[in-house]
Amino acid sequence: MTLIEIRDLEVRIGGRVVSGVPELDLAAGRCTALVGESGSGKTTALLAVLGLLDGADVTGRVVVCGVDVLNAPEKILREIRGAKVALVLQSPQAALNPAMRLGTLMRRALARHGVKGAAARARAEQAVADVLLDPEILRRYPHQVSGGQAQRFAIALALALGAGVVAADEPTSALDVTVQAEIVAVLRRLREERGLALLLVSHDLALVSTVADDVLVMKDGGVVEAGPAARVLTAPAHPYTRDLLAAVPQMREQSREHRPDADGGEPDPGLRPGARRARRVTGSRRRRRRPHR
Amino acid sequence: MPRYLTRRLGQAVLVVAGVVGLTFAVMRLVPGDPAVAFAGPRATEAELAAARARFGLDDPLWTQLWNYARDLARGDWGVSLHTKQPVAQDLALAFPASLELVGAAMIVAVAAGVPLGVLAARFKAGLPDFSVRLTSMLAVSLPVFWLALVVQTVFAGNLGWFPVAGEYDNSLDVTSPLRVYTNITIVDALITGNWPIFTSTLWHLVLPALVVAAYPAGVIAQMTRAALIEESGQDHARLARALGFGRIAVLTRFALRPAAGPVLSLIALVFAYAIVNGFLVEAVFNWPGVGRYAADAIRSLDTPAIAGVTLLVALLYVAANLAVDLLQGLVDPRVRGR
Amino acid sequence: MKDEHDAGTAEAGKTPDPITVSGPGGLVVPAGVVLRRTPLRALAGAARGDLLATAGAVLLAAIVLAALLAPWIAPYPEDGGTATHPAQALLSPGAGHWFGTDQVGRDILSRILFGARTSLFIAVAVLALAAAVGVTLGVVAGYAGGWVRDVIMRVTDVFLAFPALLLSLALAVVLQPSVATVVVAIAVTWWPWYARLTAAVAQSVSARGYVDAARCLGVPAPVIVFRHVLPNSVTPVTVQLSLDAGGVILTAAALSYLGLGAHEPTAEWGLMVQQGQSLFTTDWWVVTFPGLAILVTAFSFNVLGEGLRAALDPRGRSR
């Protein structure tokens, strides 16, 4: 089941293309990563999926859970946001309202999508438990929890609302290494147990190599290379990807270490035969040159 | 929190001491002899000496300052030269009326300013934003005494929609006398169920309260707008939208809370300014508050009364600032945690 | 460390440890916002993007011109001073007198033009005086830190406890009413804002590398303060000055209205309102036009200052 389908997405701000994704398909239980340096347009593409690009000119086709995001009325988009696609941001504490208890945020989000009262409480506690947090955390304010806890809570929000896709923007880069591992473990488990799909934006190739099935390498607002993670990260075709990999000295070591599972060595419930080929991304040539700034 | 609180209280005490010292210094600058001012120009030498002795004007300055501070603490704020009544007593009678006027104005200002700020932030750079910015800029640029005159002449004088001056129809004192509890007429009328005086006071309040509200409403709208725009650019506002909330809901239900700290402190600060602005309005509308009292005092160069008014407002200001810091602890858990 | 709650020491660039609010008419600048773009470029940007600020700049230019050229452009220049024409008292606005005449027959338009001189003079004098005192003390406090800063900040706290109009009122009562009194009275209540603002900025500037470098090279403290810290701390003050000019003009007008400022035959807008108020119901123009003059002048300063502030705000979001 394809949850996200992108065709010829282009985002222009002031006439300049800041992000372009020619093709991307994401099925339940899969993970596609957008990698590249900052300013390459990966976060913009992520926000386009949620229809959250105010003031930008967006063309192409973005279908999320059957809804044409670029043409749907705001009212429909609000139903998708949170309930179908959840956003996880880089700095977990900045992403949580500083003046609001986590439980209040959870309750309001649930109420927004029609879950109230005892049912909401049960869902909240279940979701928090699913990410291995103590329900007591719902009574705390963001400044009273650790970065790892806050990030797990952000994932719990997605679970509570029943989102099938988590769009994560650098979910681990603000965290300590050990905490990063926790978050990665939570995300993997949820993928395996619940078929959660993950759209991951990251510049951390080590992370990408451990969780992503497919990779789109972005540079200056365009995709320069795309394909299965195992192939792109071990045998990069584009010089820019090679540069990226070379910039991570221990990268080769790690990718070798993790390849078996990243390559689907274990059976992946979301994977159907041929799915990978279908997801082959055609726009792997650099399609346009950015005008000089 | 307790350490922060004690430190903050310590600062407030220092400021109050400074305020008393500065008020004393200003009043000592008075050209001419305060004894002459009190005893009158035709007083005999003996009367002058008596007045001098009574006010301790022969003592060294430090002793005078100490006595002044001690008397203030005891509630002896001096005797007004023109009412011949103790200043503290005059102020105790006049202040509730000022509080009534400024309180009503602040309610109007918050009720108008916050929604306007939300509206401007929601439609940032659009027509509503422009209109709100234009209106609020005009509101803070209005000379309040002139606005009072214009509003009074047009809506009370020419159109006759509202009473011209006063706090309520004084003939009501005969037909339905008011029992006094708080000295704030509208509150007393409300708790004793004195509807004739209540409605009359409300009616008399409309014009002066609107005039006093103009400035704080403008500032609050601008501040709310700026704070909301700042907050809605934060990640937490983005997350709220990603959870399916609309833009207005993100502003009112998510951004307003962390923005409440700065907006609240601003409200308390403009409250103090509104009191002083209220003075000019009171003089125009003949509102029986501290402002009219001050205007009379200025006209008769009544220094003890001026000193009393100055001191009262400065103390209020210090109290308002202290209240802001405590309130901020209530609305912002980050401050509370410190 | 121990001063983390002092509003005056808000870290540069951090979000509002509170705001600084200026006197009546004053607007808000987040304390310690470090402004990096130059005022000139910002002004150009503001003009392009902001209709209100542009309108403010144009209006203000017209007002300044009117003030400078008053003796030449006023239809009846002698009416700006002592002249009286009892025969022409209280003429309603018309061809000869666009804004009508006052109770002694003087042309109101002419007096408003001359009044612009009084108001602008007061604004410039007050702000120059207040900024000179405030910035000096602020820079010293911010650079020196420690007990010096504590003492200066407590003194500013005391002055800040008096709303500008109130202390001016008390001062104006004990001094003789005049334009000079108004200037002194308002300046006394206005400098602490600049001291506070400058102290916050100077403190963060003083912590920068080049100041440390100068200190290590043995550059004397006064040279560091005035050559290195001061020039890098003044931009927020310039913005605040333009924001405050409107407030100063309103306060000065209020003092004159109360009879504590300019007096006859000086042309002053607040005074004109006061002199005309008893005639307002019958002769509306005597009060209306001087009041509008105050409104327009304060408004143009306020929108210009606000536009400047928004354009210089490195976070650039408040616009």
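Note that the chains are named A, B and C in the order they appear, and that numbering of residues resets to 1 at the start of each chain.
As a working rule, contacts are C-beta pairs under 8 Å (C-beta built on N, C-alpha and C of every residue); 3 or more make two chains touch, one makes a residue touch a chain.
Predicted, not measured: the structure shown is a model, and the values here were computed from it.
Trainee: Can you tell me the least number of steps between subunit A and subunit C, where a step is a move to a chain it touches?
Mentor: The fewest steps needed to get from subunit A to subunit C is 2.
Trainee: Taking each chain's centre as the mean of its CA atoms, which one is farthest from the centre of subunit B?
Mentor: Between subunit B and every other chain, the largest centroid distance is to A.
Trainee: Using mean CA coordinates as chain centres, what's the subunit A-subunit B distance in Å?
Mentor: The mean C-alpha positions of subunit A and subunit B differ by 53 Å.
Trainee: Can you work out the whole-Å distance between the CA centroids of subunit B and subunit C?
Mentor: Using C-alpha averages as centres, the distance is 22 Å.
Trainee: Provide the residue numbers of subunit B that touch subunit C in the complex, in ascending order.
Mentor: For this pair, the touching residues of subunit B are 4, 7-8, 11, 14-15, 18-19, 21-23, 26-27, 29-31, 125, 130, 133-134, 137-138, 140-147, 149-150, 153, 157-158, 215, 219, 222-223, 225-227, 229-230, 233, 261-262, 265-266, 269-270, 272-273, 275-277, 279-280, 283, 294-295, 298-299, 301, 303, 306-307, 309-310, 313-314, 317-318, 321, 324, 338.
Trainee: Hey, which residues of subunit A end up touching subunit B in the complex?
Mentor: Going by the criterion above, the answer is residues 50, 52, 74, 78-83, 85-87, 89-91, 94-100, 108-109, 112-113, 141, 143-144, 154, 157, 161.
Trainee: Could you pull out which subunit C residues touch subunit B in their complex?
Mentor: Spelled out, the residues of subunit C in touch with subunit B are 5, 15-16, 18-19, 21, 23-25, 27-28, 51-52, 154-155, 157-159, 161-163, 165-167, 169-171, 173-176, 246, 250, 253-254, 257-260, 270, 273, 277, 280-281, 284, 287-288, 290-291, 294-295, 298-299, 302-303, 306, 315, 317-319.
Trainee: For the complex, give me every residue of subunit B touching subunit A.
Mentor: Listed in rising order, the residues are 234-236, 238-246, 253-254, 257-258, 260, 331-334, 337.
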